[in-house]
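Following are the structures in question.
The two complexes that follow have chain A in common; it is paired with chain B in the first and with chain C in the second.
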Partner chain A sequence: MTEGVPGSAAGALSVPGTRSRRRALWGLLLGVALAFAILFSPIIGSVAFDPWLVLRIVFSGGGALFAPCTAGTVSCHIAKVIVWQERVPEVLLAVIAGAALGISGGTLQGIFRNPLADPYLLGISTGGTLGASLVFVYGIGETDANLVLPLFAFLGCTATGGVILLAARGRYGSVETLLLTGVALNALLSSILTIVLLYNPIASLQVDFWLLGGLGSATWQVDGVAFGVILAVGAILAIHGRELNLMQLGNDVAQSAGVDVRRVRERLLLLTALATGTAVAFTGIIGFVGLAAPHVVRRLSSSNYRTVLPGAAIAGAALLLCARDVALWWLPLTPLPIGIFTSAGGAPFFLYLLYRRRRATTMGGL
Partner chain B sequence: MSTPDRVAPAVSVEHLTVRFDTRVALHDVSLEVRPGEFVALAGPNGSGKTSLLRVLLGFLPPDEGSASLFGTPVSDLSVRERARRVAWVPQEELVRDDIPIFEYVLYGRYSRLEPFGGESDEDRDIAMQVLTDVGLADRAEDGILSISGGERQRATLARALAQDSPILLLDEPTSHLDIGHQLDLLDRVRRLSHSRNVTVIAAMHDLNLAARYADRIFVLSRGRAYVDGPPTAVLSEDLLGRVWGVAADLRKDPRSGTPYLVPHHLIGQPRPSGIPPEWGPVHVVGGGGAASRYLRALTDQGFRLTTGALHLLDSDTEAAEALGIPAAVEVPFAPLGDEVRAAHRRLLAAARAIVVTPFLVGPSNVANLEDLAPFVRTTPTFLLTRPPGVAWDFTGGRATDLEGQLRREGGRTVPGLELLLGALGSVLETAPNRGSDSASTAAG
Partner chain C sequence: MSLNGGPGTPTRPQAKPARTIPVALFVIALIVVAGAAVAVTSVLYTPKPASTPGDLTVTDDLGRTVQVPRDPARVVVLGPSIVDSMYRLGLRSHIVGVDCYAAAFGGLTADYSSDQIALWNLSQSMCVQTEPTFDFEAMINETPALVLATTIVSVSAVEMISSTYNIPVVMLQPATLGGIEVDVSLLGTIFGLDSNATAINQQLQVELGEATTVATNLTNSGATFPTVLVTYSTDSNGYWTFGPGTFGESLIELADATNIASNSTLPYPELPGEVVLVDNPTFVIYGLGFGLNLASYQSAPFWSELNATQNGHLYGMDSNYLTEPDPTMILEGLPELIALFHPGVTL
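Up next, the complex of A and B:
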């Protein structure tokens, strides 16, 4: 059950010769590495199990395909529950959320022609935080927090995205208008958030922790919902590489070449709001993945958005999964927020990529 | 729109008006372009060239009137349909990612792709073909940022050509290129326009390039159509003066026969150091090209001038003509005749100051110095220093004697243009006004 972003590894590439082969090779390598990472990641966790046992549980589909526990011991059954009901969903959620953040970041960098754009650029995350904080402050649906919190966060994100799109609509609607609308709305939401939390110190702590992001909410149910949304949204995003390629040459050029820039932009923004909202809903606000994943693809492979978009999904998934594994491997008993590890681990790698091939060629020099 | 016996025009603009709030960008402009024609849009900055192109691209909606492509109004076409009819080459494309040139050109096929289909072999062949047409086939796999500005503009042209649209719009496509690349690009555009029957409309700053390459020049001035026709009919000194406010000479390229304009200076600019008209005229004596520089500089400063006595075909005569300076003129190579000398003396008599430029003196024009003699005592006269070591007296010493005499009788020697301007200023400010307009009549 790997992340389903279509056309990722061996997508149709235009120039015959070494370039496309290298690109396909990188795609294949990344895909295989990710598949292996997904299979082996459940070995890592708070409790140490025999790696073979874990692999047997994973390959048996939690016991659905064949019995992993030959002796039928108690410890084996505990392992089965922990691995299949906790770790595997957690791993898959990391992959799904990472892919969502990666492809959203790539899309937004393309729309805004800005290498510093990330999924939270327009302040969507502030809306999500406000939604989540309402749950903490007013204790809405405490009995069923597993569903209510994500729902409120998701609604906060998508509502913010929708408002920005509607507000920036108009005859002269440009990316600058969009950005500034986002900045203004972000400021407004931040001030509301501050007021709400100022009088609720306990909720404030909960929000702070939630903000750092985590995979704790993962269940098969959560994964199913997230996977469904991200697969659909990601698939539509991933086929917009050609439009984004042309939009890099300027909106006028894109328009003259046949891209309905305004419509494509609105469609893509809405889709990234959905993808980001879904990721935020279940994992909180995990930084850096959405910013770095597209650049990893550009550095390793190509700046062509037909490669960048699916590639960023794979790279984002790999990045978040690595962060999860490192976090649990290093400090198995103190589950630190995963956001700390994406930044702490991703930043040096990102810098390495930047300086390894320092040419003023990609994305305006970045 | 089209009658059965006639092909629909590729581009048809009728009574087009476009406003930006209160400013009128285009006013009642009509233009019809036949398929395969190369039309240059000319006009000063802000005359509406770019606005007209943007209307044809569907970026700007007309406020009044209409714009059609092959009989269909631009506004009735979807973005994709529009792209299949019109391709666009901007002044300079913002390329930020170092993508291979071939991929970049392939982007141009976008409007030809099936909604969910990829590029076919045919699309790749077309991309390769246009790359060959613009001379970049061997660079197909190089990064777009690794090539020069001139080559990049050719790549942009290829990207637009890959669109396979029957109309190509170019917005000052050569303004960032050196002269060699300007010619190269326009050469290719014209050849491709002929070989593929592509209609080309190009906004162009350079009227001379427009005249050289376009079948037709359409001149806009302040948003209105000013003149429209083949280069030979459109280019004139009057055009440059009225539309651009620039004085120019019209010449003909001896090789191609195409007209070209040599611009001289701005007309009608109020001068901050304005010289009052009653300070003139100043008479400039020259010949053999010695006076041209001073005629231009003094005109620039606002002095009213006369000049003489010159010969036809002399570059000083051409300069005087171009600057609108009255001159006494003799036929080429002949000694100055009595009539011309009389005219020259009238100009000298009317002058409030006389400038003697370091002209070469021979038997045919030594009379200039002879005629000057009586005026030196009454009119402030400035003799510019001759460059040392350059032979100038071809009259066996007579000219040297005459100049010496002029100096003795009050002619002042000035070493250069700046001191001349200063001296003229101080003399004219105080000298009594002769107040005669006989200068112009004397020139007759």
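Up next, the complex of A and C:
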């Protein structure tokens, strides 16, 4: 379970200058592409508006800075409401949640030294689903569903993360123990979830939809909360690139280089649980972004965790935003849940990774 | 070092199959018990002959030809819309069992509203479980001479009831509003209540005729038909509603209004919030019952921005009026909608 990450960290730490510049260029291009995607994504939606009108609404801050269209007309008001109150918050939530999943995936792949690790590996998402299902089953806070549902999902995620963290603090808190604890916890929570939903078919249906993931809960308030959490958590995660690089060389090497492996691992696990919990709370379960984003960065840029972590955040944001745009562009009137697109794109990528690993192993190592 | 013996190692004697006899006895015992169970079951339940003199031959809504007894005294009804027709025909006393979910899934209340349960005097003891699995024993226990079912019953269950248990099954699932009258007539024929059926159908014709008159008058006066969203569930993405070909849409059109989901490619689409806001319906009808109330809908996208919300044109309606093709849909649901959409009109 603890095989090396493609492109060893040791190699990644001594990159020749030209390659380094080229990789920095890739990072810059990815960032610019994401900025353009953020700007133009609000054009895509269930209702077709004049693209220039949408851009004017975006640049005018929803009409706060200047009038993007003839004030007082019904069509102008509706366009502003749709673009500024729904589409822009949705786009931003895609970026924030994608970044959270991407950087969490990168961190967990580093902690477990396993390229197949992702934010849902340890059952954190199942904890979130269980929390959300309680809201549906018991009709908790029906009138404040937009607040209560994410809160319960977040509590479910972080509670699960807390249990895993306790396992990590114990005497047997090795990477293998952590993984197996996560797998066992996932199975336990899944069985509880099944029992809870078995006798509540309507709630079961609601949970099924929630599980498919979506950006429908996006509002400026939601974005504000999510952005605050992810910015703080992501910034702390991103500065742990050096420690993760050293941990790829083995715990003993990292320890001798001054890294308190156990404490770093605990801290990073807690932070990834917070980041994942925040993303899950507002978007439901969106698979494969956390798995794929770090690999995209490794393929395009570097295996150095100083690059992988921020890069995975950008790549994750871009992936989720693309999934949102494709979902709306393909079937604007009956858009499919965004989780279907990330899974549809992610599953082949996952198989590609497995195939590539097998071929590399056959050829004499990664 | 090898754990296996080398070439010179003495071999362990082969164990004899000492368990053969007990296993064989166990298998024989199983066969005997299974055979006895089959024999006892056949004694306890003897299928009735396929048909008896005096039976009627009817064609149901699925085009099946079925031999049914005349005026059967004990009938199991699997579908609220059929119970409604039976009740209006004065046949409530013939109903010995109705469809329901397993107790853990809500029992009767999963398919019947509390109003229906009270009006039709349904009790849990009449429950014939159809979901999540069909309880054939519960149905046979009611010793019905006839089963009337909607398509909530699977084809395999219908086959089982009619072929294995030899109980005739008539499927009553109208495809259009006109089909409601056909089904009422069919029930009248089976139970020898043709005059009652004709009376109900005349009432239906009157209601439908008045709706047409209202439409003509509105058209002649140049009035525009209001736009309507009928929703039976919402989530953060949009509004679940009735599309083309559904009874919900037929009812809206009969009530002289325009369904904003009429262009959908799906019969039961979820309209995205922004589509609903752009169409901005004059009225929003939301389904009530089965745990749903106004609060269930208020967190839907753009709810507060809709004209209907701002003008107070929100209206809760029993979900059964919108989904079940029965006389109540036309006799009570339709006038309610016409009165709502066209308040100046009296029927």
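The rule is simple: the second predicted complex is superposed on the first by the 322 of 366 C-alpha atoms of A that agree within 3 Å, B and C clash if a C-alpha of one lies under 4 Å from a C-alpha of the other, contacts with A are read in each partner's own complex, and residues count from 1 in each chain.
The rule is simple: a contact is a pair of C-beta atoms (placed from the backbone, for glycine too) under 8 Å apart; a residue touches a chain by one contact, two chains touch by 3 or more.
Keep in mind it's a predicted model, so treat the numbers as computed, not measured.
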| item | value |
| --- | --- |
| Chain B versus chain C as contact partner of A:P310, first or second or both or neither | neither |
| Contacts of A:P42 with chain B and chain C, given as first, second, both or neither | neither |
| Chain B versus chain C as contact partner of A:N245, first or second or both or neither | first |
| Partner chain(s) touched by A:V253 [first = chain B, second = chain C, both, neither] | first |
| First (chain B), second (chain C), both or neither touched by A:G139 | second |
| Chain B versus chain C as contact partner of A:R113, first or second or both or neither | first |
| Intersection of the chain A residues that touch chain B with those that touch chain C | none |
| Touch list for chain C against partner chain A, complex | 101, 104-105, 110, 132, 235-238, 264-266, 269-275, 277-278, 280, 290-291, 295-296, 298-299, 301-302, 305 |
| Chain B to chain A touching residues, read off their complex | 57-59, 78-80, 82-84, 86-88, 90, 93-100, 102-103, 106-108, 110-111, 113, 116, 118-119, 124, 140-141, 143, 145, 159, 163 |
| Sites on chain A touched by chain C in the complex | 45-47, 78, 81-82, 85-87, 139, 142-146, 198-199, 201-202, 206, 209, 214, 216-217, 332-335 |
| Residue ranges of chain A touching chain B (in the complex, touch as defined) | 12, 14-15, 17, 19, 113, 239, 242-243, 245-246, 248-250, 252-253, 255-260, 298, 302-304, 359, 361-364 |
